[in-house]
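Paired with chain B in one complex and with chain C in the other, chain A is shared by the two complexes that follow.
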Partner chain A sequence: MQVIRKIIRTASSFWGRHRLLAVFSVLSLLIVLFVLVPLFKIVFLSNKTALWQALQDTTVLKSILLTLFAALITTVVGFLLGVPLAFILARHNFPLKGVLEGLIDLPIVVPHTAAGIALLFVFGRNYLLGKWFNSIGIQFVDSLAGIIIGMLFVSVPFLINAAKDGFRKVDVRLENVARTLGASPWQAFRRVTFPLARRSILTGTLMMWARGISEFGAVIILTYFPMVTSILIYQRFESYGLTQAIPVAALLVIICAIIFIGFRLFLQREKKLD
Partner chain B sequence: MIELKNVDVTVADFNLQQINLSVAKGMYVVILGPTGAGKTVLLESIAGLHTIRAGEVLLDGRDVTNIVPEERGVSIVYQDYTLFPHLTVRENIIFGLKVRHLPQPKIIEELKWICGIFEVEHLLNRLPATLSGGERQRVALARALITKPEILLLDEPLSALDTESREEMHAQLKDTHQKLNITTLHVTHDFEEAMSLADSIVVINQGKIAQVGKPSEIFYHPSSNFVAHFTMARNIFKGKIIGQVGQEKVFKTDGLEFFASSDKHTAQYAVIRAEMVQLTTEKPVAIANSFRGTVKSIVDKGANILVTMDCPPLFECLLPRQQFEKMPLNIGNQVYVSFQPSSVHLI
Partner chain C sequence: MRRFRRGMIFVLLSCVVVLTGCSATGAKKSTLVVLEADSLMVPFAQLQKQFELENPNINVELQPYGSIQAIRQVTELGQQADIVAVADSSLIPMMMYQTNMPDGKPYADWDIESNTNQLVLAYTSTSKYADELNADNWYRIISRQDVTFGFTDPRIDAVGYRTLMTLGLAGSFYNDPMLLQDAVGKYFSMPLTADNENGTTTISVPELLEPTDSHLVLRNADIELLALLQSGNIDYTIDYKSVVIQDGLKYLELPPEVNLGDTGDAQTYGKVVVQMVYQRFATVNPVFEGLPIIYGMTIPNNAQNTTAAIKFIQFVLGTEGQKIFQNCNQPELIPPICDNASELPGALKTLFP
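Presenting the complex of A and B:
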């Protein structure tokens, strides 16, 4: 009896002290399971032979490499154009800035197929920029360039927002001090502001690359061939059914998991060094 | 030498208006004012960090109004020292030399020189986050002065410190100024800090200069009600001059008339510093102004005791502890408040 009473007392006092933590833990567990179970399922559903076969299927490999590569180029372009914008948004005020910040988030909000169609109307062969790029030999339909602009459109807001938050967290007075010590605005940016915002920017870059890899809607409108992995999975599913789609999907999940978990660990190590 | 001529600066919705200021070479000038008075904006404007809307800024006679900060030869040290958190102490200190692309041997030589002044050699490989408040300040000063600026700007350099380190830093600043004889502008809201460091004080309020003068002038001859309040004069009475007896003016305030030594003919305020007011149990014979009153409150301030007397009006007297202890005072006691006419300053 004594023992039971003690257990009840301990439990109830634990409940009394850690009620919030207990409730939040249960809720957290639900969402973690919701995310992890399907991912694990897709990896473990596909038997090893099918996975091995997918690994040897040049169509699959080419498609995965193409996806990673296109997303990488997209991220580089996004970095070169998005980081300067993020800096301006973080440091300067101008009319309609709030509106601009809202508009930048728009690609995240709109259906990505709609985004693809919108891009087609600008970069299509018969339109505005499409015509101009066509004259210098770049086409955005059924080409790597098409994949890149599709990915760029829907993924660049992630980098812009992350970099903007990163720049905002850097005390302006650090830049001021750098300037009075003789640094030009460029030097202050390169030696002070950028290094201090680097972790946010890296995280944003990673998010952008990830979003690029997973993009389907915008890319399929612009470029069905060459086929990025998300489209390949869809095509296999449509033509041959689940059994053919699963190994490809599993392979992409595994590759992405390795890359992103690795990157997170790298960022964490960096944080410790800070 | 710093000269500001009719300078107007607007930052967000804050305005500095018609700032005229002249600081001679090698002087230590304190800019004193309440929070939000525009002290930091003023410093940053001298450093070139804000666009000047009107007027001009001259440094050693050179017009720098439209010169970028990196070409002004002005260093700024902020309240929390703003060391670059991602750089070691060494990299922090030599930052100004590196961005100017000085040759490595020269950098090493200058680093050695500045380390000798601020005793920071043992800290060179540490990151700022691991330093104490005092160490941070020494590193910040070393970083600011290694470039040999003509002007040093200090933005509330002592505000973030506990009492003990404050005294240490205080001595450090004085010492640095003596060693390098650099023109220094020091911003603070602390009156005592200003008194003890400044060759000259600039009082600033709501974006405008309220008074410029030696510490004793600001202390004993405030030019306005605001300056008197801000320097903790405590006894400020509104009223007017109603007559003259011999050399002395008679000033009338609510319910009370007293003598003031002043050559003014009109005045709106009479200021009597709390420490110039005496309390006695007997009516003093040799003091022209003395009034009977009741002790209303007694506040222990440590070294001094603040006694509020109701005459009326209310008088505040700051008694040294020793004197207070010799003279048992209790709330409700009737005692005499007295002060010399020469202690009365008319505005």
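Presenting the complex of A and C:
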């Protein structure tokens, strides 16, 4: 009897002290399961032989490498063009800034097929930008460049938003101190602002890259070949059914999991060093 | 001030929830889930409107897919649909009769064929050589290397393998045995070949189908190709007449001997076969025999709302339904055909004595 009472007392005092944590843990567990169970399901639905086959299938490997590479180039382009914009948005006020910020989020909302078609009408061979790029030998239909602009359009808002938040968190006074100590605006940005916002920017970069890898709708309008993995999974499903599509999906999930977990661990170590 | 703002946000959010919620609910209706081929979108949207007017207690939910995808939604992904309507009626026996539900019964055991269509050559005023295009030289124009010809992936889309059939038939019709090779075959990394034996042309589609030249552009569905055509990124594509007209594109009618649109020419069409040569996945080697374009529909055996599905099919086959199809350039098949009529639900049996 006494033991039970003691247990109840401990439990209730634990409840009293850690109520918030307990409630949050239960809620967290739900969302973690929601995300993880389907992912595990994809991996474990395909048997080992099928996975092994997928791993030896040059079409699959080429496609996964192409996808990772294209998303990487996309992220570099997004970084070079998006970070400066994020800095301006975080540091300066100008007319219609709110409108611009809203517009930049639009690619996330627009159905991606529509995004692909919109890009086609700008970068297509009969339109101004398309003609110009064509004259220097770059085409956007059925090419790496097509994959990249498709990915860039839908994924760059993630980087811009993350970088903007990162820059906002950096105290302007630190920049000003650097400036009074004789740093040029470039030096202040490179030595103070950017390093302090680095973690947000890195996270945004990772999100952008990830979003690029997963893109289907916008890319398939512009480029069917070379085939990115999302399209390959779809094509395998259509031609051969689920049994051939799932191992490819599983392989992509496993490879991305390794890369992402590695990246997060790296970020964590960075934080400790900070 | 802060509390006021918080209150405002709460009010706004509740408005959104209430508004979206209201439109979603309403009177108690039964839902009829229809998986339709993309090329049925326009007539089915009109059918839906009319059908719902006449049956206010039924809510028709149209879900467009490529025909093969529509069937796979049911047979592979386990989606429960009340009607599956595809652009190639032969897909239903091939993919639904032969696939079993968990309880061992096939996903479907009959199909009704009621409408046709035909293939045309679609182009725009900016397409290369459009000014010299005519019914006698079209196949030579699309074969020119500086012309960009688009077609859908024959491994996954009905228009795709039908395009190959049309090109195969055109080879015989225009007495140009290299036509298929010149137009598409030689531009793939692995050969897409046409073999002629005893008057039958067998087109073999390799497992790896990747163009090696910008003369060819492949896509998964014709929607993408039409966007490419309208934006001038391809010059020509072959597609259903109804779809091309709905998109307001220019088109060239092809002779009935090659356009797959004349049921009277079925024998001619039968002289071409498209087979998929999947060496690794030997269990699935689909063969598509040349047939007139005939739409097919069925009620899957795991349908939830069979009553409404029967009503909808009756409506499609009725005068009103067929008038809509007529206006959408998808002529009626006279008389409609039923495969395995003995398996039809009672209410539909009377239509196919």
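Just so we're on the same page, the second predicted complex is superposed on the first by the 271 of 274 C-alpha atoms of A that agree within 3 Å, B and C clash if a C-alpha of one lies under 4 Å from a C-alpha of the other, contacts with A are read in each partner's own complex, and residues count from 1 in each chain.
Quick note on the criterion: contacts are C-beta pairs under 8 Å (C-beta built on N, C-alpha and C of every residue); 3 or more make two chains touch, one makes a residue touch a chain.
These numbers come from a predicted model, not from an experiment.
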Chain A as common anchor, with chain B and chain C clashing or fitting: fit
Chain A residues touched - chain C or chain B, whichever exceeds: C
First (chain B), second (chain C), both or neither touched by A:192: first
First, second, both or neither for A:69, with chain B first and chain C second: neither
Partner chain(s) touched by A:141 [first = chain B, second = chain C, both, neither]: second
Touching partner for A:126 - first (chain B), second (chain C), both, neither: second
First (chain B), second (chain C), both or neither touched by A:183: first
Partner chain in contact with A:234 - chain B first, chain C second, else both or neither: second
Distance of closest approach, chain C and chain B, by C-alpha atoms in Å: 21
Set of chain A residues, in rising order, touched by both chain B and chain C: none
Residues of chain A touching chain C in the complex: 59, 113, 116-117, 120-121, 124-127, 139, 141-142, 220-221, 224-227, 231, 234-235, 237-242, 244
In the complex, chain C residues that touch chain A: 66, 68-69, 72, 76-77, 126, 153, 155-157, 208, 210-211, 214, 217-220, 223-224, 227-228, 231-233, 276, 278, 281, 284
Complex interface listing, chain A residues touching chain B: 171, 173-174, 176-184, 187, 191-192, 195-196, 274
Chain A-facing residues of chain B, complex: 44, 47-49, 68-70, 72, 74-76, 78, 82, 84-86, 95-96, 99-100, 143-144, 147, 149
